Amino acid sequence: MNREKLLNTAVILLLLAIPLWAHMAEEPFLITLATKVAILALAGVGLNIALGIGGLVSLGHAAFFGIGGYAMGILAAHAQNYEPLAEWPMLIEGTNQMPVIWLVAVVASALAALVIGALSLRTSGVYFIMITLAFGQMLYYFAISWTAYGGEDGLSIWVRNEFPGLNTLVPLEFFLICYVILCAALWFAARLARAPFGLALSAARQCEARVETVGITPYQLRLTAFVISGAITGLAGALFADLNRFVSPTMLSWHTSGEIMIFVIIGGVGRLFGPVIGAALFILLEHLLGGISDYWQIYLGGLLLIIVLYARGGVIGAISGREVAHD
Amino acid sequence: MTDMTDPSGAGQVLKVSDLSKSFGALQASKNITLDLRAGEIHALIGPNGAGKSTLIKQISGELRPDSGSVSLLGRPVDDLDRVARARMGLGRTFQISALAMEFTVLQNAVLGALGARGGVFRFLGNVMRDKALVAQAEHALERVGLLSDAKRRTADLSHGQRRQLEVAVALTLQPKLFLMDEPMAGLGAGGSQALTGFLDTLRHEAPILLVEHDMDAVFALADRISVLVYGEVIATGTTEEIRNNAEVQRAYLGEEEPV
Amino acid sequence: MSLILILEQILNGLQFGVMLFLMAAGLTLVFGVMGLINLAHGALYMVGAFAAAIVAAWTGSFVLALVASLAAAAAAGALVELLVIRKLYDRDHLDQVLATFALILIFSEGTRWVFGSFPLFLDVPSYLSGPISLPGGIEYPLYRLTIIAIGLVVAAGLFWLIARTRIGIQIRAGESDREMIAALGVDISKLYTLVFALGAALAGLAGALVGAIQSVQVGMGEPVLILAFVVIVIGGIGSIKGAMVGALLVGLTDTLGGVFLPQLFGLFMEPASATSVGASLASMLIYILMAAILLVRPSGLYGGQH
């Protein structure tokens, strides 16, 4: 086992061990933090498929995160008010069942990613960055002006949604749900990177001409990657909203996109566990620095600047060497 | 202009008719007509800046000509992009290596085999454990003499080895014709000789349109040669005819005495 | 819906567009010449507004405040260019995005640290406040009209600078070929600092001018930054002319859409939902415009092939 794999194993076990210990020590706040790490890491795993493998610098992933969040908020709000979502052409009721909410979140964010991706992937480079950012902001402003679902104030639900057979109100049980989903996503991302699709997508990032010359269209690869990426980030959004029992336009704002990207980079872009380590560090910093100063993001900015200018492999790169492993 | 193209069109794998392309005031291609027939190596020579690469790009579909037409295997391909032309069987190597530099040598070759086979949209399953793909990739690497380097990172290869890998990736596509843009550059005498020997046998699998500066290789390999000067084909003919063509001597070979 | 209302809204859209142009011009120049995407451009807008508010509070002079906004933003821009941005020219876009995002965090939180979260106020000077009568019986705020005038003068100056001066020639040469301008004996790093500071100064001026209508607060530059991106995508990267056309299109579309779409929906819907649907749709209008232009011209109205 090389150092990166060792580190990955340690991190994923630690992420499980801490909440288990906190559960016994009756420190629910720690469990909530660990849950937040797992959920943000999931969002990062999604982004990393587009960004790390595909090289698509999307500054609009908050759109998918927020759509997932609103999928939860809207369905749950209708369920708690006993108002159907639609009566025509067929009766659609709200729901407080997580699996249904997740499905809706994944489908809705995948559709949004399909539309946004289809348009923005017609361009590349700096255009792509600005356009993904702009479409993300469009949804942000839309959410603000959409008063039916809370507008600027967002949407609260009273009780966390349910999962068959579990009591989601127990912090540890909700954590375990998120943890299992994160592990599944990591497994999928690892398989994807090695699969024919991952090989071609990675090649398209490194050299577009090469991919075209062997008869593969980069646009289709990238659009598919963007949709998968958006769907995973959307699922993370639904969980995040459930964790807070609240969704607001902030989830859609470009700062959220930037933050997801930041912790993917801090962890190590293109590394399987980059998002996990990055999210953990991000939450840790937020609470350590946040305890010292209200203006902790200054330090975050400084740290990010140093990493970008001087340590481009992120944390995993610093620990296990710069080369991204391929086998 | 000496035009030796086959008027009947029999056995034409590639046909370029009356192709023109300008960049602003610079006319890079001027009414270029040439063809490539089954079983042959057709060399394209000319001084730097004569428009060889521009012509290759128009044939492969990277650049659109201003006017004129390209046919592959008897079918006009002017409306097809380079992906579609690659799928029709056009295998191309680049003058400046276009390879996935983070990949191993084998991964680059597997990518070629994957492109040829199809099935890119598979999300599970380790592509490097796909026996058929790897076998095809390794076979191609072996043919160009790179199999022993299969595990090396492409970025660590020498320039010559990258050219060999370019050829290997093109081989994995099992193309109907090859477009090779200076495959010998950076190879050194030994490598160049080995590749010359290999291309000599390769022509029977698929004909080659060969852009090359190495005149020894060109005169050893080519069935026919076209000479491009200032975007214009000033002569096409057998090696013998080109060697004895006064216009070519003046325009191009003057200072560089052929073998 | 009267003609006067429409004309008034057109002037509002024009004013908004002109301010967007000041933002977008710097961004598009920096991209065109240095190939750099700068998310921190909105921070420079904020710096200009804060400098203006402070100097106005000190001296009571609006003109001095504007001068201060130009100077402070240019100085901040030059400093940032020397310390950070210059290390990013040869990096990929991802690094540029991250580093300039880091700069936003530093600038925003730093400003919040020093000035707090409460907005500062920058008052319109008495000689520019109040309405003025325009031909046709339109009463229009003099200050907004002044903004339009200043914006147009700056735009004209910028066109002149690019088209006619030595620096403009160097800038245009830098867009097409970095090596060529090095061969011309131009000190590239000085030119880059200058272009960056110029872009920053324009953003700072816009911040100060708008700051007198809205409030001067942390984060004020970000919504404008994103609109400026939309402007650049529409106009085409690197093109000053594209930035002008894009800015006016976005300014007019956003302003007119915000006012008239709810009224339009009111024609066939009940008033409450017409207002809500109209407002939601109006907030998306410029992005829909951007998408439509992208479908037809992926590199913008006046874009080359970046």
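Per-chain residue numbering starts at 1, and chain names A, B and C are given in the order in which the chains are listed.
Convention: contacts are C-beta pairs under 8 Å (C-beta built on N, C-alpha and C of every residue); 3 or more make two chains touch, one makes a residue touch a chain.
Computed from a predicted model, the values in this text were never measured in an experiment.
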Chain of greatest Cα-centre distance to chain A: B
Centre-most chain, if every chain is reduced to its averaged C-alpha atoms: A
Centre distance in Å when chain B and chain C are each reduced to the mean of their C-alpha atoms: 49
Gap in Å, rounded to a whole number, between the CA centres of chain B and chain A: 44
Inter-centroid spacing, chain C versus chain A (mean Cα positions, whole Å): 31
Chain A to chain B touching residues, read off their complex: 188, 191-192, 194-200, 202-203, 206-207, 209-217, 220-221, 224, 228, 324, 326-327
For the chain C and chain A complex, residues of the former touching the latter: 31, 37, 84, 87, 93-95, 97-99, 101-106, 108-110, 112-113, 222, 226, 229-230, 232-233, 237, 276, 279-280, 282-284, 287, 290-291, 294-295, 298-300, 306
Chain A - residues contacting chain C, complex: 51, 57, 59, 119-120, 122-123, 125-127, 129-131, 133-135, 137-138, 141-142, 144-148, 254, 258, 261-262, 265, 269, 295-298, 300-302, 304-305, 308-309, 312
Residue ranges of chain B in contact with chain A within the complex: 60, 62, 81-83, 86-87, 92, 94, 98-104, 107-108, 110-112, 114-116, 119-128, 130, 169, 172-173
